[in-house]
C-alpha cells in the first residue's frame, strides 16, 4: 500500500490511497469524513472541495483482467481534477472493438493504454492519435509473461512515436503523469 | 549458415541454403547448374523440376528492416511448392496499412507474421483471420529489445488464439512450418 | 481462468473454459445443460450439436506431470471437432517408449508435443514425421527450469524443422492452433 | 538508422533522421537543399519554413557521455517547434551542480532527464518540479549496467511521481513525446 | 533466520540473531538471561558486558518500508560497539529532507545507505561526503523492481566513488562491514 | 586461451593448451620439440612418453558445428591416456543416426555428449546407457539460444538420470572430468 | 516428488522416492514391508537384499541449511550400494574446518560438494583432490541468490578442473551420477 | 575511459585516469609533466607532491587474467597515498598458494579481492581475516560467466561476513573505497 501523502502536501487536490484493502478503508473512514472506496481498484479517495474538470483523458484497457490497474489510473486522474473517459476491453486481438471508439480517442488530450500479455495496445493507439500516450504494462498473463515483463518490454520497444512507459501495474503513476500533462493547458505556453 | 541438406533428402523439393553470403553462392554456382541467389534474404535456391503451386501463404512484415527474415520465410515456402503473397511494411503503428490488405489476409490458408521491436503484428493478424498464424520475432530493435527477446515474449503471450512462434530471425523455420501446414490439404482428412 | 468466449462467437463449435476449478464448473452447470467437467485438465466443455470428426491430431506428453497441459490441448482439439489420439509418458530418457507408437505418429496430420524439464520431445518427434508439430513447454521441473523457461528455450531452438511453439502451459493455444491447421483439409488448396 | 519519414508525413514540421553517420548526411545533402548535420547526436535536420517556438522544454543529462542521446532529444524537440534549454553534466553524485539550475527547472513545461549508470537523475528532478518528466536511460556504463538495463529499471522504479520512461538510448522518442506534451497548451483544455 | 554464531566465537561482542520471529526470541529468552528483541528488524541481541562506543556510523533509509533492513544494519553495528545515528525516510524524490541532515552526514565515519525501488540514495550520499558508503538494496518495490534487482544494479553502477554494495535486504552484512571499517581507527595506521 | 599448466604439474600426462590459435602454436613449436596442433579444436598437445590406453570414452556431438568443442573434449581425454571413440553429427532430429551407434555407446565406460541449440542429446544418450554422461552445452545457435544458455538449461533439467554438466563450450572440462572418472578403474574399489 | 521407478526397473538395487512427505511414506509403508523414512532428506528407501559396499563416496555440504540436499545425495548413493562418508558444514568462509577432513577427501573415489549462496565449495574441493567432483547448487540464500542461480553459475564457472554440475537442489541426481561413476571400478578398464 | 577529475578536485592527491590507452597517455604526457603510464592496468597517474604512506592495503587476484583489474585497484590506492601489497594468482582451486601469504593477509588493514569465473576468493579471504574485504568481480570467463555476472552474484552471496562488492571490472572503485576506509585511522574515532 502506498499512502499518497506527498501529493496531498504538494497540491490542493484530493487525497488518494492506492492498493488499499477494504480494512484500510474502514480504518480511514472511521477518522475522516467523506472517504470513498473503489473496490476494483482497491482505491481510497478523500475529496477536498469541488474542482473544475480539465479536458479529457482517455483510459483504455486491453482485457477485463487489466481493469483494476486501469481503474487505479482513471481514479487517480479524476481525483486530480480531470475528466476521464474509460474505453475498456479493446485488446488488439479484436481490433474492430478499438475502432468503434476512434472518435473518443481523437478527442482526447492525453491517453493511458493499459495492457498485459503482449502489451500491444499502446502501439496501436499511438498510431491512431497524435497526442501523448502513457503505457502501463500489467502483470496479467502467465508463463513467458514473466510477471508483466513481456508487456513492459513490448511497450518500451513500441514502433509508434509518442509512447512513454511506467512500471508494471503502476496505474497510479500513469494517472498522475497524465494529470500533470493535462494541466499544462492551464499555464502559458 | 545452415545447409538445408535434410530437407533435400526427405523431399523432392528444391534445395535451399539460408544465411549464405554471395561468396558461398558463387562457390555453389560454380558446381551446380541453375542455382539462384536472393540478396536481401541471403538465400540460395537450386530448383529441381517444376511443381504445382499449392494455395496461398501470406507473409507479412511489420517494418522494412524485417524484410530479410520475411524474404527467407517467403522464399522457403515458395521453394517448397507454395504460392506466396508478400504484404510488407504493415506494422501496427499505422494499422490502416494492414487493413488495406484485409482481403488478401482472408484468402490465405496460412499466414506468417514477421516483426521486431514490440512484435505486435501476429496478434492483430490472428484477430482478423481464423487460419493458423506462424509468428517470427526478429532481432530488429535496440536497447530493451534485447536482440529480439521483447518481440519473442510478446508473440508467446499473444492474446489472440491461433498463433505459434519460431525462434528469433528464423524465417526458414516459419516458411518450412507453413509449407508443412499448407500441404495438409493434399492428404485425406 | 480464461473464458473462451471468443471462440464460441466465431465458430459453431463447442464452448470451452480452461483453468476452471470444480466450483466454477458447478456454477456453470447450474445454469447450462450438458456442461462436462474434466478434472485433470480443469476444463469445462459445453457441447453444441454433433460434429463430424476430422482426421487425427496426436497429442504426446513427456511425463505424467505434463498430463494436465496435454489434456487441455487434447480436449480443446476434440471440442473443435477433431479426432485426437493420446500418446503419454514418452519422454526422451526412455526413447523406446516413443518408438512403440511410431505408426500412430506417422498417421497423424498434426502433432502436439508437451514437455517440461529439458523440453526435448518435440525435436525428436519432428525428426520422425514430416507433419507440423506444435510444441508446448510446461512449468514441470524445479531449480534451473525457471518455471518452464528451460523447456521453452529448448523448443524455440529445436534442431528439427517443422516445430512452432506456444506459451508455457498453454495447452489451449496448442489445441486451438492444431485444430485450425487440421481444418485446412476442408478448404480448397 | 531510423528515417523519420512518418513524422514528416503527419506534420508540417521539419524532417529528421536519427543515428545517421556523416556519410548518410552527405548523401542526403547532395539531394536536398538546407540539410543540417549535428555531429554529437548523429542527427540530420531538414528545416521546412519558420515556426513559432513553444514554451520551454528542459533537457538534462547526468554525464558528458550521455550527451549524444540528450542532443538527439533536444534536436528532435527543437525540430518540432519547441524552445529547448540544455542542462548537461548534472549527475546525482554532485547534486549541487543540479541545484544551480533550479530556476531553469521550475520554469520548464516539460523535462527530459537522460542518464546511464544508476539512472537516478529523473527521480531527483521529478522531486523538484511538478511538471511531467520523460526519463531516458542510456547504455553508458559497463559491467552490471548490462547495456543500460540498470538505468532502465531504476527509472521504471522511480520513487518520484510524474516520471515515464522510453527505451534505452531513445533520445528521439523522448524529444517527440515531450513535443507532443508541450503542444497541448495550443488546444483548448 | 541466521544464527550469528561465528561472530560470537570470533569476538567478545554481543550475540545477534537476524530474521528471528518473536517465537524464536521467546525460545531464546527462556534459556538466556537478558536477550532483547527488536520487532521491526526481527532481531535478537544478547549483550555481553559493556563496551566503549566507537565514533559514529550513520544509517540512512530512503523510505519507511526500508526501515526493517535499516534497523537490522543499525542494531548490528550497535551490538558490535558502535555509536549509530539513524536518518530515515530521506529518499531522493524529496531531496531537501536529506539535506536537512547534511551536518550529521559530514560527521559520520562510515555511512550505510538503504534503499529499494530505484536505489539512488547511496549515489547522492556518496556525492556529499568523502567517507565510505555501504549500500544496501532492499526488495521494497513491485513490478520491474524484480525483488530488489533494480536497486541492486543501480547501486553497483553508482556514478559516485566510494560506494560498495551488499546483498539485497542484507542489513546485517552492511552493519557488520561498517563495524569492521569503523574499528580500523583503533589499530595503528 | 588457457594454458593447462596445472594439469602438467599434477600428472605425468601430456601438456595441453586449449583455445590456441595457429600463431600460439608456432610460438610454442619454436621452443618445444614435438608439439602437435589440431586445427578444428584449436588445441596444442606436447606428448611426454607413451601411455597405456584406458578403456573407452565415447564423445558424441549433435551437429557438425559442435565439432570444435567435441574435438577439444576428445583430444583432452586422449592426451590424458584414454582411448576415445568419436560419434559425431547424431543430433536428436535424426535419431536413427544415433541408434546406428548403439553398440558403441553400450561399450563405453564414460560418455561425453556435446550439443548446442536445444541441447537434447545428453538426455537421449543417458536413457540408452547406464554409464555416466558428461553433458557439454555449446554456443552453437542464434536468437533464443542466448549464447548457449538454452542448451545449458536443457542439460541441467535432463529427465534422464546420470547426467552432469560443464560450462558452455567447455570441451576441456568435460574431457578432463571423463578422464578422472575413467581412471577410477585403476584404483581399488 | 519423484518416484524412482526407472532405477528400480534397471537395477537390482533398492527403490528410492525423493521429495516425499511423511504422509507419502505412511501410504507406502502401509503396502510395502521394510520401507524406511529419512526426515531431513524427505526420502523413502525400500531395501531389497544385502549388497556389498563399493569404495567410498564423500558428500560435503557448505552449511547446515544445505543438509537436506546433501542427505538426498548421500542416501541415494548408499541405496545404490556405495559406502558414503558425510563431511558437513565445511563452507569456505571457515576453510580450516574443511582442512580438518583432508585425509577423508584424499581417500574418496568420488566426491559430491553441495553448497548454496556463493557455491564456492566444489572449486576448493576439486583443487585438493584429483578425483571427480559432482557439484550440487542449492536454493539456500536470499536476494541475489535468485533461488540458487548464483551458486549454479559459480559452479559452472569453477576455476578448478574436474567439476561437473547437476540441477539446483538435485541431490538425487548427484548421488545417482556418483554411484554410476563409482561402479566403474567393477567393469574391466 | 573515465577521467578522474572529481577526485582531483576534492583532494590534494594525485590525478588518475583509468582505462586509458597509450595514445591517451601520450596526449596527456605532451601537456603535463611527470605523467606515468601503467600498461597492464591502462592507467595514467600524475603525481602531485610526496605523501606519507598509510598502513597496508592488500590486493589479491585469483588468476593472472584478473591482473589488469587488480592493478587498477592497486594503483588507485597507491595514488591516494596508501601502501599496497600485491598477492596475485591465488585462486581457490590451489588454495595452498593463498595460505602461503597468510601473514600478509593478517597484517592488512583493508583487503581487495579480485576474481572472475566463480568469484570465490573474497569469501575465503574474509574467512581468514577480520578486516573489511572489498570484492571485485571481473569479466574473466566465458559461457555461463555471462560477462562477470557469475562472479558478481557469488560475491554478493558470500557466506563470509565482512565483504562488500563493487561493479564488474571496477578496480578503480575498489581502490578508491579501500583508500577511504584506510584513511579513517587518521580521524578521531
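First chain written, first letter: the chains are A, B, C, D, E, F, G and H, and each begins at residue 1.
Heads up, the rule we're going with is that contacts are C-beta pairs under 8 Å (C-beta built on N, C-alpha and C of every residue); 3 or more make two chains touch, one makes a residue touch a chain.
Since the structure is predicted, the reported quantities are computational estimates derived from the model, not experimental observations.
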Subunit H and subunit D - chains in contact with each: E
Least step count from subunit D to subunit G, where 1 means the two chains touch: 2
Identity of the chain that, by mean CA position, is farthest from subunit B: E
Self-contact between copies subunit B and subunit D, residue sets same or different by half: different
Farthest-lying chain, centroid of Cα atoms versus that of subunit F: A
Cα-centroid distance, subunit C relative to subunit F, in whole angstrom: 38
Centroid distance [mean C-alpha coordinates] between subunit G and subunit F, Å: 24
Centroid spacing, where centroids are CA-atom means, of subunit B and subunit G in whole angstrom: 48
Overlap residues in subunit E, where contacts from two or more other chains coincide: 6, 93-94, 143-145, 149, 152, 156-157, 161, 167-168
Interchain contacts, given as pairs of chains that touch: A-B, A-C, A-D, A-E, B-C, B-D, B-F, C-F, C-G, D-E, D-H, E-G, E-H, F-G, F-H, G-H
Subunit A contact footprint on subunit D (complex, rising order): 6-7, 10-11, 54-55, 109-110, 130-132, 134, 152, 156-157, 161-168, 172-174, 176-177, 180-182, 184-189
Touching residues (chain side subunit H, partner subunit F) in the complex: 93-94, 142-145
Residues of subunit H defined as touching subunit G within the complex: 62-63, 91-95, 117-120, 123-124, 126-128, 141, 143-146, 149-151, 153-161
List of subunit E residues in touch with subunit G within their complex: 6, 137, 139, 147-149, 152, 167-170
